[in-house]
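The next part holds the structures, each set out as structure tokens.
In the two complexes below, chain A is the common chain; its partner is chain B in one and chain C in the other.
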Partner chain A sequence: MRLPRFEYLEPDDLTQALDMLASHKEDVKIIAGGTDLLVRMKNQLLTPAFVMSMKQLSGLSYIKNHDDTLTIGAKTTLADIVDSDDIQEGYTALAQAAERVGAETIQHHRGTISGNILQDTRCIHYNQSRFHRSGRQPCHKDGGKICYARDEGDRCYSTYQGDMAPALIALEAKVVLSKKDGKRTINLSDLFTSDGFHPFSIEPDELLTEIILPKQKNNSKSAYQRLSYRSAIDYPITSAGVMINSKAEKIKKARIVVGSMSRAPLFMVKASETLAEKSLTDIDAFKEAAGIAMDNAGTFAVHNAGSTLEYRCDMTFVMVLKALEQAAGIEK
Partner chain B sequence: MSDYNLIGKRMPRVDSRSKVTGKVRFTADLNLPGMLVGKVKRSPYAHARIVKIDTSKAKALPGVKAVVTGEDTEGVKWGVFAYTRDQQFIQMEKVRYIGDEVAGVAAVDEETALKALDLIEVEYEELPAVFDPLEAMASKGPLIHDDFPDNINVHVNIDTGSVDENFEKSHYIREDTFVAAEESYFQAEPYAVVARFDEEDCLEVWMPNGGPHMKSKPLSNAFKIPLHKVKVKKIAIGGAFGGRSEICPVDYICALLAKRTKAPVKIQFTREENTIATRQGHSMIVTHKTGVDKEGQVLARETTCYMDGGAYSSTGPIATSVPFLSMEQAYRMGSVRYNGYRIYTNKPIRGMIRVHGRAFACGVDTQLDMIADHLSIDPVEIRLKNSRQPGEYTSTKSQVSSCAMDETILKAVEKSKFKEKWGKLPAYHGIGIGTNSVQTGFPMGIRGGSQAFIKFNEDGEATVMSGVVDNGQGNDNMLVQIAAEELGLLPEDIHLVSADTETTSSDPGSYSQVSTFVGGQAVQVAAKNCKKRLFDVAAKILKVEPDTLAAKNRMIYVKDDPEKSIPIKKVVRIALLNFTSVNAQGGYWPKVDMKREWVSNPFGQMCEAFSFGTTIIEVKVDPDTGQVEVLEATAVQDVGKALNPLVLEGQFEGSIAMGGQANLTEYHDWKDGRVLNPTMLEYKLPLACDMPPKINNIIVESVDPKGPYGAKEAGMSIAMSAAQAYAAAVSNAIGVYLDSYPLTPDKILAAIKKKQEEEAKQGAKKARVN
Partner chain C sequence: MEKITITLNVNNESHEVLVAPNDTLLEVLRDQLDFTGSKESCGEGVCGSCTVHMDGKPVRACLTLALEAENIEIKTVEGLANGDELSPLQQSFIDHGAVQCGFCTPGMLMSADALLNNNRQPDEATVRKAISGNICRCTGYAKIVHAVAHAHNPHQGCCDCNHKE
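Moving on, here comes the complex of A and B:
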């Protein structure tokens, strides 16, 4: 398959990169590894005039441990995240998520954390070649008015299948969005719009430059579980990132995030809240929370990510439960 | 101990090094001077009448060298058999699936060619489309092909008689239906073709193929030029698995573009095109009704099978028969009635595939396990009770000479510790057995035989010419190994010229498991003849009788007095000085029943040899997710004779992947005739990391009386039996006989849940009674 024509930009440093974004805006797409972008371009889902590479922005590749936070540069590879002791120990869910992306041999070294976070929402009816999409009406995400995944679908129901974001949101990550004359820091959860057509709130002239992970008080453990049909090179059909913050064996705060079931990672507020003040060994409480998460996530999902919808919903329960048990230190 | 130097030895393949170093060239790697890029315009509709095609804008685009449509063809229709000619290479009146060819373009580069495709204006009138074989049979809508009523493409009916009487005599009868979705080959190499017409107006063409001669004849028909003017050339091939057996419309389109432009043209498929526009495996619905006596011996079986054939016939009559044939070869049946229907639908064209008939084969074995269960005998005993024995005839009257089916079962059982494990494994652990048989060849009329030529060069090395093609399985090595063995040379002394229609004679091709048996044997005969000529010369020099001589390590020597010897090179040179040429030919034609025909007369000798395989699989199922972890695989096949155990073990392991592991995840997903998973990302092809951690390969040698050195088919019997063993193992693990393939986690989980619910209900009932 052939890439459509584009002009290739390779800024030497961040300032130059932000300048380029400021002048080209919507016409430029950022390549931060390319494992998502190039496939979409080959399918002509995107035909940007400019493609800007982050190749030379080596200053954006770091994992730094501070007093209150851990910061990760946007260009840090998944392999570096997997290899980081700080992340393995303090932010286990993130390391587990990175480990399951793509294949160890390719995506872990090519793929970057920001590239993974900003990967577009997907749908088996949309992520197809131009030929496949011809001979029928375009779908919402393709600029049309039809949804092939859901009868009478009045909007785009494409699914966000990134692995890193559910883990990061469970860990209360923030992201830094930089532009030519300033930057803003937002909760990662706010980066998602829940609009399948336009899944991110990042502006065309902004670059995601850093991920900030707060240091949790008390005893904090996290875990990420995901399900796919194949052991590698496979997007999850459902996933769960959880964090459990506990003191004296009692849960003080829990965060359950479900991925691959909707247009954005879903922070399951109600399911998370039920765990407050529960014991770390209270399996029934975990099951109840997982059940709520499954029911709530199930209302968002459509049949567009392979397997069956029923199975994906059932498995949401299993993934959430497994992640909670793992984070609580319950060996099965 | 055998006296062979090379046969039976673990020899690295002659083509391994060039493949792993990336030196070898595939069709897509070819770059000829002045070569143009060809692209194909395909139908975006599943069923539509072509009202008008306007190519004027495309033709006017700078850089476009030719645009062809059905109007530019001779209108020849392709079909494997005279009675199945239903496919034009470029459609003129109607398109029948999403992907059907409507035009071809040649341009200076890919970008221009793609732009030209967009500029071709095709006006369609959409017709109602059918995507389900049963619906297609009942459809009142327009037929997919006017001359095939009810959209039935092929009906194979086999009846040995006495079926109803034997059902009446049966102690126990079961009727079960099994279904399987369609699967794809996903050859490592997407399809590609390069064509040019040379200065003598001969068509030269390179493409992956299952037999170069199977390509040249339809091309000569389509262009109405003699066979000698079609030169299908040898090129490295990245896998076939049954999906490269026929002419592909783009072979013709590429050649037509080359003819029009007087330049070489290359067409290279995308992965999606390889999936939708070559071949796919058939999806099917199979009902087996089986009657057994008290001991579990099959007295009668009635099988009805509906296969979704897609838009055109392809190998239809063969495809509709082979699942039945594998069954009747593997198992004795008192009587059997078969009705196989291949139905046209508006889906991509279906062909032969390595595990041909998942639902059929898995159904036979699953039902056998169910019957064994009912009769309280174990799966091994019921198989041994019904297994094929040497010397017997199949239901359709093929004699089976060499057969070590029982040995494959017993060895697999022993190695896997089946008896110790069956019924004794912890919850959600399971073990299952599958057995099957594959034919070594089909009746192919005038193309059933193979011929080889050997010439010696003055340096004592030999050139071997054979029509056999290597599309990944190691046929080149097999030919070299046989020639070197017979001629007393080293493998590096053999120069192989093969799979080239200009220089090699007709050959049945390498898709009916017959390359070693027929093509290899032809080389063996030619080499023996050539050796005889060498020995005649050497005998005179050594002053002995020719029959006292042997050849080994580039030397001819006296068997009883090995010191008395002469280098082969010297013999060749002396022969030439004495006005004697050192070359020979040889051929092999399998003795099959030429009157046997797939539909009109499905009785008689099918081929000369049959292979038998048993696979045993041990699995663990996660009851929370339905996911399967394979713990161990044991693959045992009666291959007749292992010419190169190293290659065979590779075949066995590939078969576990493609036959077994694939039966867990591989299927196509559809939306209105569109394949939703045409690429390797969405289609769940197993990866190396999905494979069982332990595979036991056991080769059984029954030494076939007709095969070269006793060899017959190798590998496919494992692929078939692996699919069955995976089904049996998972069924055993969850305590439910699964009837829908592949065995995806959602189906497994649903079966577990249903069973738990039923048990809970029964528990409640019991509680009430108490």
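Moving on, here comes the complex of A and C:
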């Protein structure tokens, strides 16, 4: 498959990159690892006039440990995250998520953390070759007015299937979005719009430059679980990132995030709150929380990730429960 | 869209090539430099038959722009052998009968070579994980896994390792 034609931009530093984004805006797509962008371009889902390379921006590849935060540069590869002792120990869910993204030879050495966060939402009816799509009317995401995933769907219900974001949201990550005249720091959860057509609130002239992870007080453990058909190739059909903050064997704060069930990762407020003040070994409390997470996530999911909805909902329960057990240190 | 001249360092040799921005590394390697060992199969990063090394790390040549590969040491399957002498891994593939139709073999070799450079005595689970991004449609994974695991440490109980002499 040939790539469509485009103009290649290669900024030497961040300032130049932000200038280019400011002048080209919607016409430019950013390539970091390319493992997501180039597939979309080959399928002619995207035909940008300009592609801006992050190749020379080596200053954006770092993992730094500060007093009360850990910062990760946008261009840090998944392999660097898996290999980092700081992340393995303090932010286990993130290391587990990075390790489970596809296969080492596909994504880990080229794929970056920001590219993984900003991967577009997917749908089995949309992420197909141009030939496949040419046989029928275009769907909402393709510029048409039909949804093939949901009867009488009035908008796009494509699913966000990234692995890193659920883990990062469970860990209360923030992201830094830079543009020509300044930058803003927002919660990662606010980056998602829950709109399948425009999944991210990032502006066309903004560049995601840094991920900030807060250091948790008390005893904090996290875990990430995902389910996919073929782990090396397929995107997850459901996933769960959890963080449990405990003191003297009692849970002080829990965060449960379910991925691949909606247009954005879902932070399960009610399920998370039920765990407050519960014991770390209270398996019934974990089951109750996983049940609530399953019920709530099920209302968002549509049948567009290659498995039946019932199965994905049932397995959401299993993924959340397994992640909670792992974070609490009581996995069998 | 103008073409750009870049220098690609493939298997320790420099090559000057004229590439378009939308040329992938795989297209340049195969069509311009005649390194036809790396294969294109799916073209979208799923099958692994185009795997090459960039700075010693296994990556997909079909999902890498040629322009992004400038000033990086690229190794293709042609660079594994030392002249006419096959590398232990290549010889092991032959000894174990790990090649059926052979289309996935270049990618398998490159993924396995990257593993063996870091870990000369991998166990079976490690090998399976390392080549999990490579698809073989002859379904011959068992032979391939044995070939990689036994490449540097022949196994007592393995008849393929011992049949040579």
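As a convention for this text, the second predicted complex is superposed on the first by the 332 of 332 C-alpha atoms of A that agree within 3 Å, B and C clash if a C-alpha of one lies under 4 Å from a C-alpha of the other, contacts with A are read in each partner's own complex, and residues count from 1 in each chain.
Throughout what follows, contacts are C-beta pairs under 8 Å (C-beta built on N, C-alpha and C of every residue); 3 or more make two chains touch, one makes a residue touch a chain.
Quantities reported herein were computed from a predicted structural model and do not represent experimental measurements.
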Chain B versus chain C as contact partner of A:185, first or second or both or neither: neither
First, second, both or neither for A:229, with chain B first and chain C second: first
Contacts of A:314 with chain B and chain C, given as first, second, both or neither: first
Partner chain(s) touched by A:132 [first = chain B, second = chain C, both, neither]: first
Chain B versus chain C as contact partner of A:58, first or second or both or neither: neither
Touched partner set for A:2, first chain B, second chain C, both or neither: both
Chain B versus chain C as contact partner of A:299, first or second or both or neither: neither
Shared chain A surface residues [contacts with chain B and with chain C]: 1-2, 5, 39, 103, 231-233
Residues of chain A defined as touching chain B within the complex: 1-2, 5, 39, 103, 124-125, 128-129, 131-132, 134-136, 148, 227, 229-235, 306-308, 310-311, 314-315, 318, 322
For the chain A and chain C complex, residues of the former touching the latter: 1-8, 10, 31, 34-35, 38-39, 42-43, 51, 53, 55, 79, 102-106, 109-110, 231-233
Complex interface listing, chain B residues touching chain A: 42-45, 98, 110-111, 114, 270-272, 624-627, 665, 669, 671-672, 674-678, 680-682, 684-687, 689-690, 744-746, 749-750
In the complex with chain A, residue positions of chain C that touch it: 1, 4, 20-24, 43-46, 48, 51, 54, 57-60, 63-65, 67-68, 107, 110-111, 114, 129-130, 132-135
